[in-house]
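In structure tokens below, several structures.
First chain A sits with chain B, and in the next complex the same chain sits with chain C.
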Partner chain A sequence: MKTAYVLQKEIRESILTPKGFLWYILTSVILSVLSYLFLTNSELSLLDQGQMLYMIMNFITALGILVGLVFGADAFAGEIERGTMEALLLSPVTKAEVAMGKLGATLANLGILLLISLPYLLIVGKGGQNLLIGMVYLAFLATFLTIIFSAFSMGLSSRIKSVKNSLMASFFIFLLAGSPIFLSAAQRGTWFGRILDLINPFADAINTFDSVVVDGQGFVHQAGRVAIICGYLLLSLWFLERSISKQEM
Partner chain B sequence: MKKLMLFIGMIFLVMIANDAPASAPDRIAVSIHPASLQANMGDKISYTGTITNNTDKAVNNIIVYISLANVTPGKEAPLDLEDWSANKAIKVDTIPPRATYEGQWPMRLIDSGSYVAYITAVDKNDNMPVSSPMSHLEIKRVLRLNPNNVMPVAFGEPVALGMVFLLVAFRRRKRVK
Partner chain C sequence: MINVENLVKKYDGYTALDGLNFTVEQGDIFGFLGPNGAGKTTTIRILTAIIKADSGNVLIDGHNIFQEPWAIKKIINALPESTGYYEWMTAREYLEFFSHLYEEKTSREEVDRLLEIVGLQGKGGHLVRSYSRGMKQRLGIARALINRPKLLFLDEPTNGLDPIGRRDIQDLLIDLNRKHDTTIFLSTHLLDDVERLCNRIAIIHYGKIVKIGEVDRMKGKGTIEDIFFLSTKESTS
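So, the complex of A and B:
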């Protein structure tokens, strides 16, 4: 109940504001440009439909993670910098409830992003195979990844107590997670590339999208990668719990 | 008369000599099918390459690959087939004596223009790669302005969100006043 109160407060302050809403318009504009180009540009429009869907899914997941990182970095450090942390801790809510409420707001934001992207996914994937199963995987994996990165960023925010520094550290981790994208297909095929792909939750997610949407492979092929992502999920929640329990004013 | 017969005989010998093969046939021969093709952008086509072993011994470890070159005036260049989703190289472990191997190269036609496709076989025991004759490919341009009804979503959704944004901003301002 108290978590719901924090969640409501966060949604009111971060999402239902003109500034917060501007992000959704920008997201929609970017998705419009992407899907319009995918379907009408003479070269891009001839990409395999699964490939287009896969690229849009990657974009939505990355966007969800990025917004989660920003929300997470601001969670505790932002309250401290604005001088509102004391008031929050004086209210009858525990630190864990504050953290869960803020994490809930991040997920509410992801939910809105997924709702915004739904028409684009339907248009780009229209008539193609693996659209529905791809959307199910997107909903689950984007949620898991947003929790992982947001919880980690929130933990850092609680420890570092500076929005700027925790945001920079979180972005650095995100870039590290996205590093397999910068490797060529041949480099990713080496033992080093394969290990990097496997232990990296972001790479695991995009490889799962590729496998499900482009290659049409079943859950058996995804189980290992999904298990690794679930492992990171537990690890990030543990890190958050440890960080807020050590938090001092 | 004898001289005339001798002259005609010599011409006949020269003609026979010209018709005879200049050298022994290649160890392997490569052909491509179809020999020419016309299609539209976005079509999926497939080339078939046939590699024939002309010897009495099995040939092993042959690498066979397809190449595509743009021959449209002003755009002459070889193509990176990764974008065209074609199979890359095929490794043929062995072709028995006097037997053939058939490989398929499916591809999606990404851009319009005039192209030539040919298949090459590389045998490490031979110094010369063997290529098939060129297959001419003409791809017609296809323009699609509103596929999958993308326009209403691509233009409508940002506008709809913008209107909700204005409504939220207006109500906030009204409340503050």
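So, the complex of A and C:
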């Protein structure tokens, strides 16, 4: 119940603000531009529906992760820097309840992003046979990845106690997660590239999207990658729990 | 009310508290004095169950702080030094948020009562960011009274306030102590506050209590300022 009050506070503080709305408007603008290009650009419009959908899904997932990292980095370090953490810890609320409330706000934010992106997904993926199943995978994997990266970032925030430094560390993790994108197709085909792809939760998610919406493969083909993502989910929550239990002012 | 025995706290090899011993009785306004870095804030953070000590024992109202921190959180509260506020909330929302964390369904009347106690009646609907420093301190004290604590810790509550603001906070603390029977643990280095408010004091220096006793008895040996300087000088030499 106390988690619900922290969640409510976080939503009011981070989402229902002019800055929050600006962020959503920006997301809509970027999605509009992307969708317009996909549908009208002479080269991009040659892509089939599945590939367009796949690219939009990657973008939405990356955006969810990014926001999760920013929310996570501010979670504990921000409260400490603003001098509000001590008052929270004085009340009979556990650090885990505070963390869950903050994680809930990150997911609420992802929910809004997914809602905003819904019409774009429907328009870009219209007529494609894997649209619905693709959207289901997007909802689940984007949620898992947002929790993973937000929980890691929140754990770092609790340990480092500085918004700036935990944000930098979190972005470094984000770049590491995105590293397979910088590899060429040939490099990704090598044993090193394949391992990097496999152990990287972000790469696992986008490869799953590719497999589902472009290649139309079933869950059996995705099970291994989804299991790895679930493993990271547990690892990130364990890291968060360890970090906040050690936290001292 | 408070019984502290051999409290030790170290940070990366630096000893912040070096075998602290003292007691505070029910109904006291206990002044906890010391120069900057003496260990006042660390002591308060341990006594309010925010951080753990390396060794020692603390009993608050009969509860062991290390074994029953949640029982203690229900009967104490504190105004930390340089506390921050959710500036985007109104004062009323701020108090309601913290009252929910105590699972106390604070009514509008209860919030009004708290605002009235601290002299902020009629200003509950204003955003905290519009408050002056003195008003924020009052709001912080209102937040600290939300669970009707038996014991209130205040860390430099009048720091940075103008003389009128300081006098207002002092009056408020005297009221709380006399009318609401709240035991007050007041950490400060402002000796005026101590002379006006406290019935007992302890002086801490380099993590050790160097002087403890009743203010009236100490005054016979000079002013509080003299005693403070003498005690800290003796312990340094």
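Note that in this section the second predicted complex is superposed on the first by the 249 of 249 C-alpha atoms of A that agree within 3 Å, B and C clash if a C-alpha of one lies under 4 Å from a C-alpha of the other, contacts with A are read in each partner's own complex, and residues count from 1 in each chain.
Throughout what follows, a contact is a pair of C-beta atoms (placed from the backbone, for glycine too) under 8 Å apart; a residue touches a chain by one contact, two chains touch by 3 or more.
None of the values given here were measured: they were computed from a predicted structure.
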Given the alignment on chain A, is it a clash or a fit between chain B and chain C? fit
After the superposition on A, what does A:93 contact: first (chain B), second (chain C), both or neither? second
On the A-aligned overlay, A:35 touches which partner chain: chain B = first, chain C = second, or both, or neither? first
Looking at chain A, does chain B or chain C touch a larger number of its residues? B
Taking the superposition as given, does A:83 touch the first partner, chain B, the second, chain C, both, or neither? second
Touched partner set for A:13, first chain B, second chain C, both or neither: second
Partner chain in contact with A:2 - chain B first, chain C second, else both or neither: second
Applying the document's definition of touch, where does A:126 land relative to chain B and chain C: first, second, both, or neither? first
Could you tell me if A:24 is touching chain B, chain C, both of them or neither one (first, second, both, neither)? first
Check the superposed model and tell me the shortest C-alpha distance between chain B and chain C, rounded to whole Å. 7
Taking the stated contact definition, name every residue in chain A that is touched by chain B in one complex and by chain C in the other, in rising order. 17
Under the stated contact criterion, what part of chain C meets chain A in this complex? 45, 48, 50-52, 70, 73-74, 77-78, 80, 82-86, 88, 97-98, 100-103, 140, 143-144
Could you pull out which chain A residues touch chain B in their complex? 16-18, 21-22, 24-25, 28-29, 31-33, 35-36, 39-40, 42-43, 45-46, 48, 116, 119-120, 123-124, 126-127
What part of chain A is in contact with chain C in the complex they form? 1-2, 5, 9, 12-13, 17, 82-84, 86-93, 248-249
Applying the document's contact rule, which stretches of chain B touch chain A when the two form their complex? 41-42, 83, 85, 108-112, 141, 143-151, 153-155, 157-158, 161-162, 164-165, 168-169, 172
